[in-house]
């Protein structure tokens, strides 16, 4: 039994949620679960079908992207996960999918406007879309640089990864994260639902205004503020 | 056994219909069932996943929004339910969801035009969309004021809550109601279907005319008029 | 055991296909199966949920729309079925649904253009859309007149009900028919698929041309012509 | 037991994936599996419902399109499969469907632009759309000529069938292929997902640029190049 069994099981359970939530086709997605105190994370092996996954197949990787334990090759996006865990010390779960509507916004290189309270229940700004990467970043260590593309876009927009737990990478697809792998999966499903509703909103009213600030703050605070009253104590 | 067991079971059964009808993601919806004679209603506890719900977890609240029985925190939208029950004495069920197409119309701040008989089988007017609330209503008792936003919009349009059992709250999402919680859930599913068809109708023909009055009346009356002949006697 | 057991079972089986094929929400659809030699048909009772249906609940009605056998009220659309069976002696199955995409085209009052071979595999012309009925037809025997609206639109367009087994009734929804109830249900599912693809085709290319005649004839004839070679002999 | 049991089982398993992946309505699709060394392939019998299929019902046909073994009539598209196997000696699986989004692009006579990495993970060019066939090809041996329409369009565009494993036939529907029947089915599902995302991308941003070459090459090579690192070794 691995000393990393805890994060392997968290990663396994979270990965298995992706097909149930209709967020992946075949193997087009991956989830990792980190132990920040140990500086390691468990991540889906690359290209292995969900129906063949087990907890002990989750590969253990450190925050420099080196495999620590496991015989399988980790997800091809492993370096992106490593960079984010290393730089953002308050997250312990990351998800990458090619979910339909979120990916369409990424391909359109367009941030998702905040149109309603479903969005504001989770974040107070448009869902950011990082621009496609420079050619030298692409030809270099691509997945490693993808992590910095995400971090740099957050810096540029002045966003906190603790408050905004999702991003679109232009021309590519979404990444989400959270305090746990389970929360990161939850964020992926929320992002997909918000992405679909935003597209439909514009189809109904091409000049639909964004949500006004008072409503944004109200909805975000009632779930996440000091006096939050959503959910059980 | 609670003396409110009847409405707890009604609320439980109705809540469990929401995921089956694909009207909710995670916990983004709630149903209540009222006993108008006792002045109380049973409502879903806040943020509890549907798979963990049981009838006895339904929280009992009075029409002033005070919890009467139950250890869990009631839905964050409880005050809206309370206001509607208190002011509309002929309803005993209320549903709030963020269902995809209905929410998109709400985010577009647009009433759903009456384009066909599916709509007219259930109501004779456009599905109303209340404007976003004023900032002082939002910063005050938000959910309580949401109830009045709904009631006031019905007054402004001269609508009867007995004839029109659904509304969109601008930038937010739909609310539906009815003589029972089961009927209110039925209305939520109808609203979602009508919302999708109306969007598609406009995509096919951007200048599609509304249904003419003779057809509106015919379809509504054959289901709801004195000589109704839809369904069993 | 009813002497109409055969058509009751055919009608029952065909009705139960509608929810499986995602063609109905709640009870928004009905199928009948006729015995042309006896001048009667079995039809779904009005407003009864599919999960409560049994073959012996199917109501037996004659071609003048009078109930011959059964304690339940037949579908509110029964008179439309009766008119079609009486006037079109080669059909023994009729389906009415409010399926999403077909109904959207009906609400848009627009015939579905023949854009591809999926369409031409089943009919050689645009799927017709009858205009909304005149007010005096609506205020009279509405469902009976709906039957004539369909028949008259076919006459006006010079179409044969044996070659074109589906129509949209403007502002309302689709009707399909066939030599059996099972074939009529098949046609409803084909119509819904074709309706969705036609909408998407136009969204991709607003000036998409219709299928050329040589392809229309080829695809229709290989399935339905004298030398048909689709399916088993 | 047939000496062709291997390809019959491959064809059977692959055909049964089509309804599971939501790529077919009724019998609107077919898969074949070839044995290039024997010059034969196993293909779905025409018009037989998927739930009635068994491996031994798969019809054995040679590369000239003549049935070698089996009592059932092979798919009406058999000649297209035969032409492709005969001319493209490195493929051993072919799929034809009328899947919703891919067929819509075919009906719109429009190649699917390469908008993102989901697309580039599988091919480096727009998904080609062959023009509708000439009238003399249609009136001749239609399905046989369809094979050449595909081959000729690849020649005209300078594409290799080993690198691009999918095409749309204008006004008709998609064909995909691969080294195995299983891979060809995988390609059909990828095509449908990419087709949907491309349509949505344009709806969000009508002037969305195509993916830049550096990203195309990076994503294609990491899955298919000499130094590929996607999946297990």
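Read from first to last, the chains carry the letters A, B, C and D; within each, the first residue is number 1.
By our rule, a contact is a pair of C-beta atoms (placed from the backbone, for glycine too) under 8 Å apart; a residue touches a chain by one contact, two chains touch by 3 or more.
All figures in this text were calculated on a predicted structure; none of them were measured in a lab.
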| item | value |
| --- | --- |
| Relative to chain B, chain with the most remote C-alpha centre | D |
| Fitted rotation between chain C and its twin chain D in degrees, CA, nearest 5 | 90 |
| Chain B and chain C, separation of their C-alpha mean positions in angstrom | 33 |
| Intercentroid distance (Cα basis), chain D paired with chain B, Å | 46 |
| Residue list for chain B, restricted to those that touch at least two other chains | 202-203 |
| Arrangement of touching chains [line / ring / star / complete / other] | ring |
| Interchain contacts, given as pairs of chains that touch | A-B, A-D, B-C, C-D |
| Residues of chain C defined as touching chain B within the complex | 25-26, 28, 45-48, 72-73, 76, 98, 100-101, 103-110, 132-133, 135, 138-139, 142, 171-173, 199, 202-203 |
| Of all residues in chain D, those that touch chain A in their complex | 115-118, 186, 189-190, 193, 196-198, 200-205, 208-209, 211-212, 214-215, 218, 222, 229-233 |
